[in-house]
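Multiple structures are listed underneath, in structure tokens.
What follows is subunit A paired twice: with subunit B in the first complex and subunit C in the second.
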Partner chain A sequence: MTITQFENGDSLTLAVEGIIDSTTAPDFEKEMLAAGGKTKNLVVNFAKVDFISSAGLRVLLLSQKKMAAAAGKMTLVNVSEDVREVFELTGFVNVLDIA
Partner chain B sequence: MLVCPKCGAAIGENDVYCAGCGTMLHRVCSHCHALMPLMAKFCSNCGTKFEEAKENHVFSIPLPIEKNGFMIDGRDQQKYKMVKIGNQIWLAENFRFKSTDSFVYGNNEDMAEKYGRLYTWDSARIVAPPGWHLATRRDFNELGRFCKSLGQGMVGTMLKSKDAEWKTNGIFGPGTPGSDAVGFAAMPYGVRTSAGVFSYLGSFAYFWCADEENMGRAYYRHLSYFTGAYQECSSKKECAFSVRLVKNQ
Partner chain C sequence: MRLKKLPVVTKKVVAVALVVGLALCTIVFAAGYWAFSKQFETQYDSSIRSIASAARECLHPDDFKRYLDSGEKDSAYMQTFAILQDFVDKFDLNLLYVSKVEPPDYTRITYIFNPVRKGGRWSEYPLGYFETYVEPEYNSSAKRVVEHGEVIVRHTEKTRSGSHITAMYPVLDSSGKVVAVIGVQKSIQEYVSARYSFVNFVVTTEIVFALLLVLLFSSFFNRRVIDPIMLVTQEASQFVSRGGEPSDKLLSLKNRDELRTLAESVHRMETDIKKHIEELSRVTAEKERFETELGIASRIQVAMLPKVTFPDRADFDLFATMTPAKEVGGDLYDYFLIDDDHLLLVVGDVSGKGIPAALFMVVVKTLIHSYAEQQMSPSAIFETTNDLICRGNSLGYFITCWLGMLTLSTGEMKFVNAGHNHPVLVHGGEAAFLKTKPNFVLGGMDHQKYQEHTVTLVAGDALFLYTDGVTEANNAQRELFGDKRLMQAMDACMGENPENVCKNVMERINTFVGNTPQFDDITMLSFRYNGKEGTLNRNTRESLEKTMEARPENQAAFSSFVEEALDKHQCPRKAKMQILVALDEIYSNIMKFSGANQVTIAMDINDGSFTAKITFIDNGAPYDPLKAADPDVTLAAEDRNAGGLGIFIVKKTMDGVSYDRKNNCNVFTIEKKLDA
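After this line comes the complex of A and B, so read on.
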């Protein structure tokens, strides 16, 4: 998994590539929390995420909570069909802001 | 002349049951392989127009036996507990007839007895034995209304079994056990995703509805380990979920 950061005005975009599972989730968590500390408007580009496991979902939920507590916003964009299915089946579609 | 494949008695193409042995008469759709009543002019599953029934089109399906609160599927002799909830009669167990495009979690056949099988929507639509049907949105709505009328807490909690698996902690926090207040006994059997991955055993229960949302998606009911919610959602038809049957009225 690789993560690239882009700044765009007030927002910060993280472009994630690869799979997010129990192996890669710790790195994903570090990057997400660090990025969340730098902006009030975090955009996470999932265009190149092929799979996300429960460990990855846990990171998204944690990041979402931290952003909300700091009056910030986290938005997922370009979510693939397979990953969207995971969000639907777990109820994450009701929790996350998915564009 | 059409004859009953079970007893050989003469039958008419508009007969529902054989007058000689009482077996229910069906034909198989040549396109989607759904079982339809012999008298059907079109397949209600895929819309294929049927030609006039000929002898090799007729199949007999053994009727299920209902006795002492149980339904026995005449096709494989599997026995299911029935439960009356309000004005409806439900199977109090997940269905487990082995049909095309049905699966057991992790491909472990031992799971079927306790949890039933997971069916794609197309398979779920046609798996019920005569006299029973895959629960519809209307059925699930009626079930929800009846549970609410009892005033015993959240509907999802009332439908969940008392099984310890519902207590599993997860991403959203600690699990909350069900009260099984109406005998529905929902089990957290998880899903086989459209990509073929088995997931969420012990966390979520998914039950197909017979109603489709559009060409590629259909509705289902969802119960979660961490909440008493009773949600209606939709998913790709290729996902495989549990099936609950309701007795025809």
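After this line comes the complex of A and C, so read on.
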């Protein structure tokens, strides 16, 4: 998994590439929390995420809670059909802001 | 000369007779002895009393004191002595005494008169002779005589002086005072001898009599009871060695009792047995001949069924089997290559079983085979065959039959169905009955039309033909194996080669019926089409396994192991991703909760059924993730935590999950359909 970060005005975008599972989730969590501390508008680009496991979901939930607590916003963009299916399955579609 | 061995019964009877006889004799003897003794005793007793009493009358007791004081034998003394001596002589006494016995212990005796038998062993004590005689019985008798005036009679037997009887009387003076004791002793040797000879005589007589009785009794018993029984026993036991010939000796018995009836019964029984044996031998011989012929028929029938399974053809595999309920069956199957591109498959079931059905089956099979070789179409084959067997089918036999003709280059199969069970077609990993409206059975009615249907097979498709012996196999509860169990079997052996399919179905039938005897012939023909080029991997089922230490770092190696295996079987991308997510969830669960030190992942990929089965085995503490409740996926973000989501995802994305605890290991299995 690799994560590329770039700023775009008042928003911060994280482009994630690869798979988010229990082995990569700790890195993902570190990057997400760090990025969340820097911006009120976090955009996560999931275009190149092949799949996400519950470990990844946990990170997304945690980030979402932190952003909301800080009156910020987290948006997922370019979510693939397969990953969306997991979000739907787990009810995360109702929790996350998916563009 | 050897003694003839006595039958046990005789021994027993003689022993009983002996015991009874001797017991009887002993009782008689004892009674006689007692009566004899009593009689003698009474007689002796009264005789000795009379003698003693009479002798006493001759005494003059008042003079005794004078005799003893002076020691002088005057004429009166001598006269009395003479009388007493006379008593001794006349009555054959041993001795007679008149003596004074003194108190207190009556051991001191002073004799007054003492005549003894002349020539006897006793010598006479003179007047005034004194002795101290200590003999308790005598002393106490003397005391009773002197003090109480009693009369005492004593029997003394077998002493040194022989056996004798003694009477003791008190002698009273004129004032009535006991001044002396008179004793009279007589030998009873005579009586004892008489008794001895009596005993001798009686015992001898009785023993002789008892022996005679036993002899007579046992001889009678032997002749009338034992001999006939021995004859019957002997004849009966020799019945077999005589070769089952009844014994006429049994009828020569002269008894007119139950033994005669017994002998007659045994003779009748032997006669009946002989008759039955002859009958049985005849029937057995006939049955053997019949069975031999049946065995040959069975071999001929089996020989008629095709055996080659075309191992050199890559474009298809097939396997067929017929298990008759009797030696010969009414089921048939046939398959052969009409030409290089056309394969014929036939399965049929003649009404009825056994030889008639087998004959009919042979005719039908031959007809179909020869018409097919003449390049006829499936419907023409059935129509011609039907017309031919309807002719002269007076017994009304018919056959249900399914026939398919497959063009191997295109996979196109034309088939006709004459009232037969619908075959199972496995197409694209799905098993289903190949249902068409069946036409009438063959041999039922002439001029029937048979509708031709077409189905196109693709590589990997399979066809399972069978007779109703499969679906109507029943168990002890009279339940049928049925379509449902057949389909379950077909699903279970999806992708297997045809031989394994037949074996698997047969095993399931055997397990289902248990010990219930097979009622109908069971025939199966399993066929798999591998495509024109035979491109399909013939080994469409693969099992792999990988074991590593239970460390988080090893997850990557497990992932690539699973991924490679799935890629090899052209697993669609999405299914593969879902499986890899599942692997991540399950593996991280094992790391977190079970504390295992070793994990095995076993994979079973089946291209026939397009399924992958992945089993996770770890040797950690028992942990069943399926027990946890599903998370509430409708909650808002702030109310949620991520726990339990992993297994939930697995359950939702896999087609089957299960947990088991085996050999101290957690065994978690997921199944996933691999079709896109």
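One rule holds for everything that comes next: the second predicted complex is superposed on the first by the 99 of 99 C-alpha atoms of A that agree within 3 Å, B and C clash if a C-alpha of one lies under 4 Å from a C-alpha of the other, contacts with A are read in each partner's own complex, and residues count from 1 in each chain.
Criterion: contacts are C-beta pairs under 8 Å (C-beta built on N, C-alpha and C of every residue); 3 or more make two chains touch, one makes a residue touch a chain.
Worth saying up front: this structure is predicted, and the values here are computed from it rather than measured.
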Checklist entry - Putting subunit B and subunit C onto subunit A via the overlay, clash or fit? => result clash
Checklist entry - Looking at subunit A, does subunit B or subunit C touch a larger number of its residues? => result C
Next on the checklist: With both complexes superposed on chain A, which partner does A:68 reach: first (subunit B), second (subunit C), both or neither?
Outcome noted: second
Checklist entry - Thinking of the overlay built on chain A, is A:21 touched by subunit B (first), by subunit C (second), by both, or by neither? => result second
Checklist entry - Looking at the overlay, what does A:86 touch: subunit B (first), subunit C (second), both, or neither? => result both
Checklist entry - Is A:11 touching the first partner subunit B, the second partner subunit C, both, or neither of them? => result neither
Next on the checklist: By the touch definition at the top of the document, which applies to A:52: first (subunit B), second (subunit C), both, or neither?
Outcome noted: second
Checklist entry - Touch check for A:41: first (subunit B), second (subunit C), both, or neither? => result neither
Item to check | Listed stretches 39-47, 129-137, 147-155 or 219-227 of subunit B, narrowed to the one that overlaps subunit C | outcome: 219-227
Next on the checklist: Considering only the contact definition stated at the top, list the common interface residues of subunit A for subunit B and subunit C.
Outcome noted: 54, 57-58, 61, 82, 86, 89-91
Checklist outcome for this item: Per the touch rule above, subunit C residues touching subunit A in the complex are 552, 555-556, 574, 577-578, 580-581, 584-585, 587-588, 591, 631-638, 640-642, 645-646, 648-649, 652-653
Next on the checklist: Quick check on the complex: what are the subunit A residues that touch subunit B?
Outcome noted: 54, 57-58, 61, 82, 85-86, 88-91
Checklist entry - Can you list the subunit A residues touching subunit C in their complex? => result 19, 21-23, 50-55, 57-58, 61-62, 64-65, 68, 82, 86, 89-92, 94-96
Next on the checklist: Help me check something: in the complex, which residues belonging to subunit B touch subunit A?
Outcome noted: 170-172, 191, 193-195, 199-200, 204, 206, 222, 224, 231, 233, 235-236, 239
